[in-house]
Each structure stands twice: as C-alpha cells, then as structure tokens.
C-alpha cells in the first residue's frame, strides 16, 4: 500500500471510536498511528474489538492521550471524547499545528453563550469558535477543505438539517411551528455501563426522553436559521430511544406556506441534492427505513404533502454512527487532507 | 368454578385472537365455548397456541363461524376479523339477540360516508351505526353497559384520545394544528404471512408508513372533536413501525392556548383521570415506556409544557394488543354482561 | 381482601426482585410488607418500577435490610441477593424463627466442599446445609412444606434437571457422557450496570460463555446423580447468552442405553409428570419454544429419539425469571405457608 | 473503472441474492450484468432493494432466467435458487460453457443416493457430481481455480467443518460420538412469506428445529469423514433459530482421544489455519461472538479443553449470509476467474 497519511484517534473505546476504527481499517489514504484511552492503554485494538483481528490496525497498541505525542505522530486527529473534555484537547492540538475533527459538541455552536446555556458549561476556548467549521459536507465542503478545526455535526442534527433545509430554503414551509420528532438507535446513548442502557431495559420497549430540552436543539436551530436567513428560529425538537443498534429516523412536520403539489415539493428536494450522491431523495410514495442506510453515509429522504392538514412531512434517515458521527468525521478528514471526500466510504449498506 | 357466562370468538388465529384467548383462559366470569376460524377449524386451541396447553380453554376445538351456532351457544361474541368482514357477522348476531364486541373498525365511525371515504368500502349495515357504542370505558362505560353492539376502539386512537382529551376538554390547547406522531409494535401489523413483516425485515430497523392517510385518523378526529365540541376537527396523524412485539407510544404536539404552568397542566390530567385506575398520569418529569404497561390495560401518560415553543407535549403508551384490542374488548364485555369492568384484567405488567 | 400472610423481600432491585414484586402484586394469600435495598432505601416500589403504579404494593417504601425488623414483620422472607451475601442473612433469619426462601446458590449444594470449590468461597453456615431443602416442587414438595429454609434452584438446573430426570430414572440413557447445551435470556445476567450487558453488546449477536465451568454444574450433577443413584456423576454443562429478555432453552444429549422407540420414551416422560401440571410434555414431533412459557411456571419438554446416532435428545424450556427464580420461590413459599402451591401463579403465558 | 468480468445472478430476491448484490456493488473485478427473478422481472434492483440506490448496480433491470441469454452475457453465473431447481439451470449453463457457482445443496454431496435420501429427490444430473468442487476455499482452493462448477457449502457445514477439522485431522478427538449444537440467525430461514418467520413469532423467543434430521448433516459427515479418512462417519447435528438477522454459532463437543493440554490443542488449530487469514483462532480464554464477523468472510474459532469431562469443546462463528453463502460464493468466483480470492471481500465487520 502506498504511503498513507498518519492520523490519530483520541477516545477509542466508545461506539464512535469503534466505528472510526472500522472505517480506517480499510482506508487507502490514512493510517491510524495513535489510538488513545485512559482506561484501556496498553491493550491492542484487537484485544478491545476482536472484530479487528487480522487487520493491521488491530495490532495498534492503545496509548494515553498526550498532545505532544499526537502532534509529533499525526497530521490530523479525531476527537471522540465527551463534550467539555474535547475542547481542551482540540485547543492543544490546534496550537501544535495539527488538524482536528472534533466529534463532540464543543465547537458546533457559533455562540458561546448558547453553548453555556444548553450544556451548562462555560466554553474555555471561545477564541476557536470563529474558525471552527460545521462539518456537513453537503453545505460546507469548501470551507472544510481549508479548515484546521472541524466541528463534526451531531447525529440528530444531521438528519434534521438535511431533511428540512430544502423546504426552508425554497420557502415551501413556514419557519415557525416546526415539529421534529426523532427516534434514535441505542448506540446514540454511548458505551458506558448504565442500567438504563442494559439490553433488558431497552429491548422490546420504547420511550421518549429529553422532550423540549435535548442539547442538539440549538445546533438544529443555528443551521436551519442560516438556511432560511432567520436568526433566532426555534423548533420543537424531541427524541426517542429505539431498540435497534444503529439508525436515526426523523419525522419533521412543517406548515406549508403556499399550495404546493407533491411533484413540486419533490423537485425542490431533488434539485437541491442533485450533486450530493450521499443524499438519496426517494421517489414520491416511498418512505425511508434505517436499515437501507446501515453502515454508510447515505441520508435517505421521503416527503409527503398532506393537503388535509396543510403540512409537509419529511422523513429522513441516517446511520447515527456512520453518517451521524464517524463516517462524517472521516469525510471531513478526507477533505481536510486533500483526499476524495468518499475515500474509504464507498460502502453498500448491510441489509439485513 | 361457578357458572360462567358462555361467550364466543370469531377469528381466533390472529394476534388479537390469541390475546383474547390468553385473557379468557383465566377469567372467572366468562367461558369461551366457541372459537372459530375458516382455516384452522378442527384443531384445538392448544394445537394452535401451545401456550394454552394445560388450560381447559386449550381443549376447545376450533369450529367454522356460523351465526346460528354462535347464537345458540353464546350470550356474547367477540369479532376479531378484518373490517369489511365483521359487519355482516355483527348484523347477523345482533339480529339473533346476541351481544357483540367488534374489534374491527366497522362500527367505530358514526358517519357511514366517512367510513366509505377512508376504508374504500360502502357500509352494508349503516342502520346499526346509531346504536353501536364506542367502547372506551373511561368515556362511555355507562352506555356500554346497556349496549348490544360495541365498537372496540382502534389501538392508535385509544392512545391518542386518552392522551389528548384532558387538554382539549380543559381548553389548554388549540384545536387546530395538532400533530400526533405514533409508533407501534409489530403485532399491530397482524399475523398474516407477508414479507414486510418478516423478522429480518423488521428487526434492527425502523420506518414510517401511511403518513397522513392512516385509517385511524377519522376515529381520532371524531372522538377528540366530541371532547372539545368541534365537529370537523382535523389532526395530522402519522404512524411508524417499531421492532417490538407489543406497545404503542404516541407523542402528541399541541399549541398552548394560554400560558399554563406544568403543575396546572398536570392537575388537569390528574383530575380527569382520578376515577380511572387504568390511566396512570405520571409525575411531572417522568415519561412513560411501553414495557411498563405490557400485557395490561394501563395507559400511562406523561406531559411536558415547553414554553420555548409554546407547546404541550403529551406522551401516552398502551399495550396495543391488550388495552388497544383484546383487553379493552374484554372490559367492554364485562360491562355488557354485568360483571366488574376489571374482571380478569387485574394483571401486573410483565417487566422485563 | 382477607388477611394475608406478611412476607419480606431482601434485594428488590434486581430482575428476580422485580419479578417477585410482580407476582406478589396480585397474590391473594401473601402481602409484601418489607422490601429492602441498600442503594434504593427511601423510595417506593413504584418509584423504582413504574409498572407497579396503581397497585397497593407500589406504595411500599423500600427499607434497609435488618434481620430484627424483618423477623418482627414477616413470617417468611425471600432472599434475592447474591450468593455469599445471602448465607448470613439466611442464618440470621432462621435463628429468629423466620421462614426463608433463598434465591441464591448458597444452600443448594449439600456438600460445603463442593460449594467452596465452585464458588471460591468458604461456606460460613454449613450447619444449615442439612436442613435446607432443594426447592424443586415436582421432586421435593413434601419436604418443602415443612422446611424452614428452602434453597431455590438455579435457572439452568431447573431446566436441565426436569428435562433429564425421567430418562435417567427409567434407565433409558447412559449416565456418563451427557452433554447439556443451554441458552439463556439476558435477564439471567442480572441488572447491574456492565458494558457486556448493554443493549448494543447483546442485541443482534450470540455468544457462548463459561464453557465447562459454569457454577450451576455441581447443582445439576447433585440432583441428576440423586435421580439415578450415582454419586459423583459428571455432565458437560455449557451456556450461551441469548438476545432475549426471558427464557432458557436447554438441549440435552444422552446416549441410549438400549433400543427404545420414540413412543416408549415419550411414555416415560408423560408418566413421570402426569401429576405435575406445570411440566408439559409435548406430543412427539413438537419441540418447545421459550415464548410459550413466558411469565409462567411451565416447563415444556420435547423429546427426540435419534437412532442414527443412538441418542436421546431432550429440549426443555422455562422462563428463567419466573420458573427459574421468583415464581418457583413463590411456589415454595406457598407450600411453606400452607397455601396451594399455585396460588398467585395460575397465569397464562404472554404470547407474543 | 477498468473492464470487469460480466457475471449473472439467478434468483435475486432472497437474502443470499441481496447479499451477493451488496458485495458485487463494490467489486472491482466483476460486473453484474444479469439478475433474474420470475416474480420481480421488470423492476430494477433498487426498486427491490432501496439500499442499492445510487450504485450503478441498482439500475440493473431484473430479467427472467434464460440459459441462452445468461450464457451469451456472462462468464460466470451464481445460482441462488432452491435445491431441486438449481440443478437443471446448472446443467444448462455448464453445457453452454458458463462457469457456475451454485449456492444450493444440489452439488454438494458426492453421492447421489445420499442426496436422494436426505432431500427426498432423485438427482437429475448425477453426471455432474464428480466434477463439482465443494467450494470451501481453505480446503479446496486449488481445485476451485480450475472448476467449471462449484458447489457452495451450506452455512451450518461451513461453521462445523472449519471448527472440527483441525481436531479430527490431528487425531485429538474420537471420531464417533460428536455432538454439534448449532444456532442460526433468521436470514437462514429465507425470505419467503411464512407465519413462522414473522417478527412477532421469532423475536424474544428461541427454539430448536429439525433435531437429528437437518439436511446439512450428510454434508458435514462427508467433509469431516474426508478429513479423518473415515467414510461413513456420523455426527449428531442439531439446529436452533436465533432472533438475530445474521450469524451462526456452532458449539461442537468431542471426546478427547488422549490427554492434551489447552496449549497443545490451540497449537493444532493455529497451525492448520496459519495461512488462512479468514479463519481467526482466538487466544485461549476467548470465545467468539457472531457480531465480530458480521458482514464478512471471517470464521472465528474458540476452543476449550475440559478435563473434567474429557472433552474438547469448539465454538465457531460465521456470518451465515456472507461466509455461509454469498461471500463464499464470491470468493469461489474470484478463484474461478483468476482474481485474488479476497477481491471485494476485504471488509471489516460492522460492530455493533
């Protein structure tokens, strides 16, 4: 294999860490040379994830996170650690000239006050917010290419923004009164030991959580507000936990601004994403399912015009771990390192 | 065991049939003396459902559906056959003086034209519609007690009506613009062989279906319209398929009509259901889960007041097979036969 | 409700505790007056398990475990705490004249040395072993009736012993070379927070564990050895983790001692369990499934005679939480308190 | 993309068809130019499998199966149709000079009488049996390279043969008395509409089936017999249905022929598979899980020496759809077409 660009991963033990390792195991342009974890340092990746046995990446020994070491070894580092923790590491790496893709929420919101309000935490590096690029490739690929710090979008926001942006940009729907009802697989809850995430507490059941106060709300409002040029836009964003591993399905409800036929609405969507191969606008009459995007970067979108209630209903699905986290991070890294955006991501969904 | 009232079940092979058989297996006041199926006649119930081995009900031989035979043998008959089929059998039995609980949609809508419009079928017995009682015990127990024909509510409507009625009756929310986002377990799709309901097509995935045109819509509109005295009310009702066996969770969104505190809203709900032991209004801050009502008649309701978006969000859960179908049918039959409404239904949920 | 006998439950937060609370919620002869937990004392049962809202038992406040308090309040106490912990509490309660059903392994093995060898722990109350009765109602109901201390059988052993005993007692199979391949639902792993039991680590996967060294092995050997009068009998007992909540299926393989027809083998099984209504020997050609016993005391057994390989194959299923733990404990308590063995346990399986 | 070799797929609608399409969607050396189905002809692949939208393969229109058309268009054809149907198509294609990989059982057994006995069907093309190669790459890669007709191994046999062959070849275990207890995900039951495979009949339950008479038995006996040079070898092979989509776990029990340490046994396995990168022999103390091979060609093997019962226990897992069917078929096709065996198969498992 030709020379590959050395990259690092801070926080390898969670589901986003595993997923990134899976994708990097077969990547032709990047080589994972550092993977860190405070709790698992000293083990190899295949000790932790037997799925990686037999791949060169599986032999990598997990190390402690050290900015100097990472900066010496890597051109780019992925941060897969919780918000609040990521910001300091990001700052340390940026200072050392390393490129950073942060999978946490720390640099997604442009406004440090909004961050403080929703995350209950003062931002310790607000000076980096202006230069951080929101890494949604369909919208910001050009800026990502030259960024040193990319804030990887949240999983729910990725589905909601891609689903609603065309309608808002085209003025099909009113900007107020939007309801976003999202349902996520359980990998979204992370890999920490907790009773609420046990198999016997999640399987064969379904629940809502964080209604009206999920932290992904301001991220959605920021980006959709930018799309329709309306700062201060609010949406009702609400989340549920699915007994599946991967996948988010978002059902969004918006009042039509004017009479529109299903065909017109469909055209708006098709045109907006005609150069975005990862966004698949389904034919009218079809609705998406999470399984059809499993393990990939696809965002499948189905739209329904309901004249009875004067509403546009948009259903969008993604794989929360791949498109909603690690795959998108890899796409951003590809752009930042001058590679094709889909390098290592040309995968067909695993069905079933 | 003392004398029990003889009852019959037309259509025993589906999930609602199985569930009714489960409940009747241990019922002290009714005895199942007829269970019919065109495809399985001649077998015993335990041949079909090994779970019923060892119960007297398991020895019952399945027969062909015959109104004369049913009328001769039974005081009351449950119809667990598809809409369109049920109406003729109901009429035949009513004519013969038998009490009927119809689990299909055939007698739920008061207006035969609305029925024709949503079900694509002319009603062949509109003369029975005025006397059919919508069998939601919390609302219509008195009328059910004296009814000869009860239309057992749909599963989705049961969750939506119980969830929204208090807010609408008290005028907390606007009557237009309501969005109802419902998610149902797969027993709701029935027990017929179909590729779309195979394990490998449902597990580890999630999908929306019938957006804006689910047939339970007019039933919800009829009943909520009655609650708030507004004929012609419309709601946006939308459905999703969960990879679980039992359970419906409905998330309903309504705009607040006036400023209301969470405590005030909670009081409205608690008071409305203070004499309805099957409706459990959860403490503020708690949200319901389908597992906590599994196998029972409970409807658990959680409410959230979201001042940011000026919305009341109501989450209601039921077991779609028990409260949403067979258990509710049994409660109605209890009332019609002069038994305690909860006879045979005093069950604690199976968790996990 | 008539006077009910006051009972206590030490260790209410695990799955066996929840299950016992579910069964006691509707029990006509016992009243739960104490439920203890070191971590959750002060809460009510319904705080912990919203499923119990609306039941009188849900209002019970969890207390700290105190032998004097338990002895003053209860005639009988269930111990649902880990092995090693249970033995001291059992001894304290027995000393105070309270009847005890211990759901742990502490008093199942007659031989303290075998206990020490498999559990890595010296038994601190070997003096109680001779009087402890192994609480398998089909075998030891008479002794249980007069016991003060009952050792509730393990979940796996219940399925294995009921499945193999008839063949061994009748001399159909050789006593050496028996292979027992068992598969259990995940409630068997308990309710403690651990990464290995997370939904995303258990769903859509399957694994073996503890091959050749599961602690339930000596319990099976002790009881099967007693059945065939052969001390020191060994079996190869091996376990797997199923992505389901409840249920154990055990497939047991034994070499036929002599030529036997399927009908003869079936007769041996039917006769042995003809007075044991909870053991359902399936017709030849049928094999059991875990769902058909869900939530109940049933043990369903299917047998296959394989002349090609000269083997008897026995498949037995139980609900590991109900028959394999709390339901069986309740049956034992019923016997110890002079109630009908099936009081509170006349339940039809929840299918699906 | 460079010129790719044109191939065809007869029977595209089942799970093995979907899986092969998934793998071919990203294959650099083959191009799918024909996909046939009697029931779905006229649709595109993406109509059938929305997961393939956006891939060139998704635009392929499904045609009716016609040997002349297939022979004119394809160098190699995969047959993913039921046994009994496959043999005629295979013969017609072989006659026309096309290479064939048959995923059915029709050419796996060398002996037409054994086929007739287990499949209840006279073989209509016994003349092809001598030249058909059993396509297990670890054993027969050289013969596959020059074969015109490859019989793709069954899913269960793949796991059982790879798991037991080293021990048998090295004489570690006795050849009689072997018990193979296998558990398969539900894709193994196929994609036809049937009540027994519905989500609500499979999820949250577990069952055994076809004990002692599964049709994969003679295939296992043929291949293991060849390994240890013992014609007429018998094994007790028994199967169970797992509520998961993909994956087989086989637990095999064999009596040790002589005293052997775990380290010695492990060495036997490691050496046999040292040049077989798809077979991963786990370190002693580790046991495999189906999730760690999901979507790939890996066969993970864990071994346990149990001196108490004088047994070797081998646990082997594969993905039944990929390694157990379509992936293995693709590996065989790679060999037959002169490509690298792992072309298009260098995938990291999707976890979770």
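Each chain gets a letter, A, B, C and D, in the order it is written, and its residues are counted from 1.
The rule we apply is simple: a residue touches a chain if its C-beta (ideal position, glycine included) is under 8 Å from a C-beta of that chain, and two chains touch if they have at least 3 such contacts.
Every value quoted in this text rests on a predicted model; they were computed, and no experiment measured them.
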Self-check item: Which of B-C and C-D has more C-beta contact pairs
Solution: C-D
Quiz item: In angstrom, rounded to a whole number, how far apart do the mean CA points of chain B and chain D lie?
Solution: 46
Quiz item: In angstrom, rounded to a whole number, how far apart do the mean CA points of chain C and chain D lie?
Solution: 39
Exercise. Could you tell me the distance, in whole angstrom, between the mean C-alpha positions of chain B and chain C?
Key: 36
Self-check item: Residues of chain A touching at least two other chains
Solution: 15, 187, 200-201, 203-204, 243-246, 288-289, 291, 294, 352
Exercise. Name the shape of the chain contact graph, picking from line, ring, star, complete and other.
Key: complete
Self-check item: chain D-facing residues of chain C, complex
Solution: 177, 179, 181, 183, 185, 200-201, 203-209, 211-212, 234-236, 238, 240, 242-247, 249, 251, 253, 255, 287-291, 294, 302, 304, 306, 308-309, 311, 313, 315, 317, 352
Quiz item: Mind pulling up the chain C residues that touch chain B in the complex?
Solution: 15, 18, 22-23, 25-26, 49-55, 187, 203-204, 245-246, 277, 280, 282, 286, 288-289, 291-295, 298, 300, 346-352
Quiz prompt | Sites on chain B touched by chain D in the complex | solution = 15, 186-187, 191-195, 197-204, 243-245
